[in-house]
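In this document, chain identifiers A, B and C correspond to the written order of the chains, with residue numbering beginning at 1 in each.
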């Protein structure tokens, strides 16, 4: 399964040139809903549930990256940290979720940490979190996707999800990414 | 004009949701009993209407009136039953009940991964959307006019 | 045409790759969690059933159709309206049984299986089995007991993907407690 995207390069090329038609948002919501319930039945705590969702998100993200880089004609791999983040906020978000992310911010006190803020992410649109699961945010799935995309593009990072101004994705880059970025700058 | 209360049953007769607005008199029985009574009556009226009708029934049972209130009914082909009691001046509100189904129940219960279908609806989002919707109805009225 | 709307951001549409890959992630997860393919197939059908009982409500809310008169009506609604609405494809209805209680949905493009090749050693896996569950669950909610299964699958080298639906019986509404 892990090599799903690679094995069939010929069929991949074919569907890319056409672009793939969209699917009804309700179909997606219901599929995602089943995924959440399935995961929920196999874990005990909210953090475990979020981890499981993030894992599946990573699976999606790692395959999606290839599709996107191939799809966007003349798309070169980003090298600079900031351009990568802007790519995520604009192109990536727009292609995958149909609109740009609402905000991209850097933490005041940490150069490794960035935030992408989205008031109502696709996967949370229909979810009303019960009081006993107060902290649950199913966008952990999206965070997993982001993490895989960043890692796949050679920007190793941890992405976590938080309730803040809606949903906030906290991206914490690896030291090496920051160091590399400084090196490029100083050239 | 005003709205008194609202019931939602699934096709097995479970009351999934109940809410009231300007209902001033309580029936003096437990809610559970009240739901059973309501569902039983709806069930009987439905089969009565289907048997008695001189022609093929299309929309079936829409509403009935007493001297004090009017009960409106809408059923989906999947057997969900939406019931709303209002005062006598309210006309045919089949489309309103249909809208509760399509834009509130489907959106906030059916698509919510954390709800179990066939269980009472506890979603806060559903509660607040329905409340907002009902209070915004042209015939909801204000307390002074009712 | 559809791509244009994606760029414009129709909130009622979702990127097709995201959908296919999300389904792929689910199947991959199930294959990790379960010992054999039969268990995965069963789980996929169960999840599909759960989706079916929900999607039918959405369908009824949008399509605003009344109860179907016969199984031919049902076939038309499934292929021309439901599949089109939810997956963006229109399967061909064919191979009716003489008694009109069985038909096939022929899919040339199965939106669940783009970028998919069955991994080695999983010949029994019915990758898209979720669709059978969805159809079964949805039809059950409108009082129809129907048997649904894949009889051909492009993933397994067949020329076309074929889902067979067989009408079993009509289900009755529940009678309230204390009445007959």
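Convention: a contact is a pair of C-beta atoms (placed from the backbone, for glycine too) under 8 Å apart; a residue touches a chain by one contact, two chains touch by 3 or more.
As the structure is a computational prediction, the values presented were derived from the model and not from experiment.
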Remotest chain, chain C as reference, centres from CA atoms: B
Interface with the most contact pairs, given as the two chains involved: A-C
Per-chain CA centroid nearest to the all-protein CA mean: C
Separation of mean Cα positions, chain C and chain A [Å, integer]: 28
Centroid distance [mean C-alpha coordinates] between chain C and chain B, Å: 31
Between chain A and chain B, centroid-to-centroid distance (C-alpha), Å: 41
Where chain B touches two or more other chains, by residue: 110-111
Sites on chain A at which at least two other chains make contact: 26, 30, 32-35, 37
Numbers and ranges of chain C residues touching at least 2 other chains: 54, 58
Parts of chain B lying in touch with chain C, wherever the complex brings them together: 11-13, 36, 39-40, 43-44, 58, 76-80, 98, 101-103, 105-106, 110-111, 117
For the chain A and chain C complex, residues of the former touching the latter: 1-5, 7-8, 11-12, 15, 19-28, 30-35, 37-38, 42, 55-57, 59-60, 63-64, 67, 94-99, 122
Of all residues in chain B, those that touch chain A in their complex: 107-108, 110-114, 122-126
Complex interface listing, chain C residues touching chain B: 53-54, 56-58, 60-62, 64-67, 141-143, 173-179
Partner chain B, residues of chain A touching it in the complex: 26, 29-30, 32-37, 125-130, 133, 138
